[in-house]
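Next, two complexes with subunit A in common: one pairs it with subunit B, the other with subunit C.
Coming up: the complex of A and B.
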């Protein structure tokens, strides 16, 4: 029961607005991870259709030629790029790289682990994802 | 509601105060209430009035029953942690004026059982803190064999002193997204303290502590969202300590 421990639950965990860009990146990382997993499973299902012959394969493939298909693929591109770029940042951080050095803290106590390098990497990951999506759209929707 | 009458007239707070804030207090007694109820109070404030001052003002003049825990009033004892306008903060270390809001909502911190109103039970956090063996571990002792003292240079002190600043207020655990869903997670407070002792040059208990935190609801549940460090009122930066500990476990650090 919520009252017992007053836990924030999924809603609090997923609420990305209150704690700065790092919490937003955490949230995006989870969402894109799950999104990619869903795509990956769908992708296996889609490509496994090749055993049903050429027509079945081409029928399946035509799904990606629609506007909805293009939007979906554009999203997948964005998720892929953000998840990979931010994943590299997170993995380095998890290994203890780039999280700052312990030091006697001074008011106003800006935490060294939430440094500008990390913020920059998060913004860069989002920017790269946006660029890749734009390029993807220009190819998918082009001509 | 009659309680919302201005505190100004009876309040001991300076009457010349020009500004009034609405203090919205989440009231809840788990023994007989079915849910939280928000009650509004109008409280005068000055530039320097803290949220704790305002809550105590309400308690003194408008509603004696408001439950709040505090002691030092100077961000040292760690008693007065609560959720203020949606974020965990120390009530005694947060000024009304810095919140830039006409309504200040105070609620009990998340991820702890509510004792009553704004008071939460910190027992589990203290238990997890104790699990970290929060003391210098070594065979010999300055105390029982007082033939020598354990030396520490100022540089060696710098390695951990920031983590020793922890006042066990529990704000970090309340902000943590893993804590929000996992009741067995050790939490940033405890993990930060594990680092505090591991980084102490006098201590020899590193492997013992690394073993304790290397469990399924231990250090690996941290996703480095950093919210703990952002709410810590003492500059402890538990997120840094956790990643540095993970560096030891993964073999990137010696």
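Coming up: the complex of A and C.
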């Protein structure tokens, strides 16, 4: 087999089905991070209109306080909550918490670090993000 | 700077930003209803309240450092090389400095009433 035939590139790397929920969390962490950075830059630009007077501020609000704007903001809330909760999990993992004790590698070589606690934390992060999005929607669209 | 030190800064800025952003969001939804909190007079009053303005500046610095370092980490995971890594690092530092400067200008002007 040629070297190139087995090369899936970024598609193979992104495939969450092959490597489980940990790989899915890895990608979600990066995608939400980039999304939040883009929103942050947009938010700095949006709020800078306050120095141009009341009319400029209200013009900017009329563009962002729309149904599409609220849907975007709901997504931002979800990204923010997932990024925070999963980030705390990653920090604890890097600090050695919840990754299991070092032991002799025996068959079937199950990695201690990829245990149920971390998997549960990833699912909890996704659940928390969904709850925060629901709360955000109730505030933005009115209860 | 050592990569381990950069990661400690990355985690430190993240934890501090979580607390301050929570206060920033609570200001929008607990002081009055969300729509009213975005009224021009109320937003300007927020900027003129010194502790809040200082908090906004801190959030700006913390999130800029965290965000652009995160972007640098993602870009360095995708590709490596001496000149590429230098370009990414200096590009991210420039982006971070630019964003902090632009955001600080808004905070300073609004808090001093130059509108």
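Definition applied: the second predicted complex is superposed on the first by the 131 of 143 C-alpha atoms of A that agree within 3 Å, B and C clash if a C-alpha of one lies under 4 Å from a C-alpha of the other, contacts with A are read in each partner's own complex, and residues count from 1 in each chain.
One rule holds in what follows: a residue touches a chain if its C-beta (ideal position, glycine included) is under 8 Å from a C-beta of that chain, and two chains touch if they have at least 3 such contacts.
Source: prediction; values computed, not measured.
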Which superposed partner A:127 touches (first subunit B, second subunit C, both, neither): neither
First, second, both or neither for A:100, with subunit B first and subunit C second: first
Contacts of A:51 with subunit B and subunit C, given as first, second, both or neither: second
Subunit B versus subunit C as contact partner of A:140, first or second or both or neither: second
First (subunit B), second (subunit C), both or neither touched by A:23: first
Subunit C versus subunit B, contacts on subunit A by residue: B
Contacts on subunit A seen with subunit B and repeated with subunit C across the two complexes: 30, 94
Subunit B contact footprint on subunit A (complex, rising order): 3-10, 12-14, 18-20, 22-23, 25-26, 29-30, 90, 93-97, 99-100, 102-107, 109-114, 118
Complex contacts: residues of subunit C adjacent to subunit A: 7, 11, 14-15, 18, 21, 29, 34-35, 38, 40, 43-44, 47, 60, 63-64, 67-68, 70-71, 74, 99, 102-103, 105-106, 109-110, 114-115
Subunit A residues touching subunit C - in the complex, by the definition given at the top: 30, 33-34, 36-37, 40-41, 44-45, 47-48, 50-54, 57-58, 61, 65, 80, 84, 87, 91, 94, 139-140
Footprint of subunit A on subunit B - complex, ascending: 30, 35, 86-87, 108-114, 120, 158-163, 165, 175, 177-181, 183, 199, 223-227, 229-237, 239-241, 243-248, 250, 252-253
